[in-house]
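Okay, so subunit A shows up in both of these, paired with subunit B first and subunit C after.
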Partner chain A sequence: MNLFYYAAPQTFYPLAGRMARVFYALAAALGAAGLYIGFFVAPTDAQQGEGYRIIFIHVPTAWMSMFLYVVMAFWAAVGLSFNTRLSAMMAQAIAPTGAWMTFLALWTGALWGKPMWGTWWVWDARLTSELILLFLYLGFMALQAAIDDPRRADRAGAMLAIVGVVNVPIIYFSVQWWNTLHQGASVSLTRSPSMATTMLWGMLVMALAFWMYCLGATLTRVRAIILERERRSDWARDLARGAKAGKEASA
Partner chain B sequence: MKWQSLEHFLAMGGYALYVWGSYAVTVAVVALELALLRARTKAARRAAAAAPVPGDDA
Partner chain C sequence: MAPGVVWVAALLASMLALGRLFAGDYADGTLEQIVLAPHPLGLLVGAKVAAHWLVTGLPLVVLAPLLGLAFDLGPRALGVLALTLLLGTPTLGLVGAIGAALTLGLRGAGALLSLLVLPLYIPVLIFGAGAVEAVAAGLGAGAHLSVLGALLALALFFAPWAAAAALRISLE
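Our next item is the complex of A and B:
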């Protein structure tokens, strides 16, 4: 299989549709399994009671918020370096999903902070750098939307995305570099996990579910972006008209 | 079974507001994003279908 064959928007469009369906199915199955483990297998926490169950959303969305930013910056850099159209479209497709994941990490963090710390929000390093991540996503989207020429918008957005990558290690290591209210990493490669095995499994399965969902949503969005940008091409028009005719015929 | 009853499950040991507030907003965000994606795809399809055929516009 020639990978470059799928680097063209026209050939990637149908492939992305098939992949998105697979990822949505995986997300649903893993989500169901993760919620079952999280609510019916994982034990009550000794210190936080049932309140800790926010972890099954909070940690996966926080991981995805950082991971998606790195992937977005990667595709933006590839697009900037090789002038490949699909790479820039991928970066553009990731941003809204990344922003939603960041919002959810902040939202669930606030709802977890209130009962455990006694406050919804505190300007500590972890929370502040995660809020900056949200602004970076929103800034990337606003910058792209503000420039009419899509290729120029891609280049400007790519610069912002790449510069903003510096924030990701700051978020990740903030709990070590500064004295923060936020607890340290729950999972580490260098030491054994600090929680019950079933809690850890619930968290990992939920993280996989969110990962699959983000892949599905990103691929669905990149299809819309491909159509938007290629709407004046023969293949996009034929595809859209064909789909319309098919719909009318089946109705 | 971990939970004694549905009431116990819903009460979440007194953390119902925080736990269900997290899960409800997450479900709402996912539903909203999927709805926005569907609307955007439909609009893109319409725009592409309405594009003129070259040489057809004489």
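Our next item is the complex of A and C:
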């Protein structure tokens, strides 16, 4: 089997549809399990009371916001170096989901910060760098939207995504480098986590749920982008004609 | 407050002129000749950024002690303020050149340029203003100045190359 078989938009389109359904189902199942653990199994925190439970949304979205940017920059770089159409479409499809995750991480952080720190927002190193990440996503989308020629839009966006990737390690290490208000990581690969096991499980299951959701949403969006860009090709026309005929037959 | 005000002035001065960095040459076709020239494009972009810095950055470096005096900064803080601007404003120009090259000839390029460039400017702004505040608080500015220098070294090495690649994309 040729590994690059699915690199063509035409063959990837149906595959993406099938994968998106699987990922959405997984996201729903994991999300239900994660929320159950988060709300009913995990114990109340000794210092923060019930308010800490927002971490089951906050931490996974913050992880995904950084991870998606790296994935977006990766696909953008692949598209720029090898001139593959699908890579650029993937980068374009990831951006809105990444921006949404960043927005959620910022807002859930604000909702947590108000009762715990007594303020919605501080110009803390991690908060500021996460806000910069949101603007990088928005800038990427705005730049692509402002350029009419899709090839130039892909390449210009890719350049910006690659330049912006320097921000991701800054966000990740900001709590170590500056030691400001935002707490350090409670979860690490090299030492045992400094939180109750059930809390950790809830967080990890929720992180997986968000991961699956992001995959599903990205694949759904990439299908729309493929159709939009390939609308003049024969297979896309056949597909549209088939969908129309099916609708008429069922009506 | 003084370092913040002066640094925001530096940021705006750099950004307001960014739109003109390549736009004039793009409009009259000079830019295409520059891209076709036998010299490395990165080097030529570096020269354009240097010219941009001489107009928007250097006057502020020279004037900074005077502006700081108006905000009642001490003599040590005045020197550090000028030093941070000397290290930081070239970084602003270098990073801005990438944004200017990417938005060349687009609709609403000015607003788009601010959206692209401002997030990348913020770290420079934080460390520049932070150095002066550290000195005013009696702490050393060494760490902040080191980071500013590191940012400048990084931008000096990569930004002309990235801006040259962006110019080639925009001119295709």
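We adopt the following convention: the second predicted complex is superposed on the first by the 251 of 251 C-alpha atoms of A that agree within 3 Å, B and C clash if a C-alpha of one lies under 4 Å from a C-alpha of the other, contacts with A are read in each partner's own complex, and residues count from 1 in each chain.
Convention: contacts are C-beta pairs under 8 Å (C-beta built on N, C-alpha and C of every residue); 3 or more make two chains touch, one makes a residue touch a chain.
Values in this document were obtained by computation on a predicted structure and should not be read as measured data.
Visitor: After the alignment on subunit A, I want to confirm one thing: do subunit B and subunit C clash, or do they fit together?
Guide: With subunit A as the common anchor, subunit B and subunit C both fit in the superposed model.
Visitor: What is the angle, as a multiple of 10 degrees, that the CA centres of subunit B and subunit C span when seen from the CA centre of subunit A?
Guide: Between subunit B and subunit C, as viewed from subunit A: 120 degrees.
Visitor: Considering only touches as defined above, state whether A:A32 meets subunit B (first), subunit C (second), both or neither.
Guide: neither
Visitor: Does subunit B (first) or subunit C (second) touch A:R155, or do both, or does neither?
Guide: Second partner only, subunit C.
Visitor: Of subunit B and subunit C, which one touches more residues of subunit A?
Guide: Here the partner covering more residues of subunit A is B.
Visitor: For A:V22, decide between first (touching subunit B), second (touching subunit C), both and neither.
Guide: neither
Visitor: So after superposition, what is the minimum Cα distance from subunit B to subunit C, given in Å?
Guide: Least C-alpha distance: 23 Å.
Visitor: Looking at subunit A, which of its residues have contacts with both subunit B and subunit C?
Guide: none
Visitor: Can you list the subunit A residues touching subunit B in their complex?
Guide: Residues in contact with subunit B: 39-41, 43-44, 49-51, 53-54, 57-58, 61, 96-97, 100, 103-104, 107-108, 111-112, 114-115, 213, 217, 220-221, 223-225, 227-228, 230-232, 234, 236-237, 239-241, 243-244.
Visitor: Show which residues of subunit C lie in contact with subunit A when the two form their complex.
Guide: Those in contact with subunit A are residues 98, 102-103, 106-109, 112, 115-116, 118-120, 122-123, 126, 162, 165-166, 169-170, 172.
Visitor: Hey, which residues of subunit B end up touching subunit A in the complex?
Guide: Listed in rising order, the residues are 1-3, 9, 12-15, 17-19, 21-23, 25-26, 29-30, 33-34, 37, 40-41, 43-49, 51, 53-54.
Visitor: Would you mind writing out the residues of subunit A in touch with subunit C in their complex?
Guide: Touch list, subunit A to subunit C: 128, 132, 135-136, 138-139, 142-143, 146-147, 151-152, 155-156, 159-160, 162-164, 167, 170.
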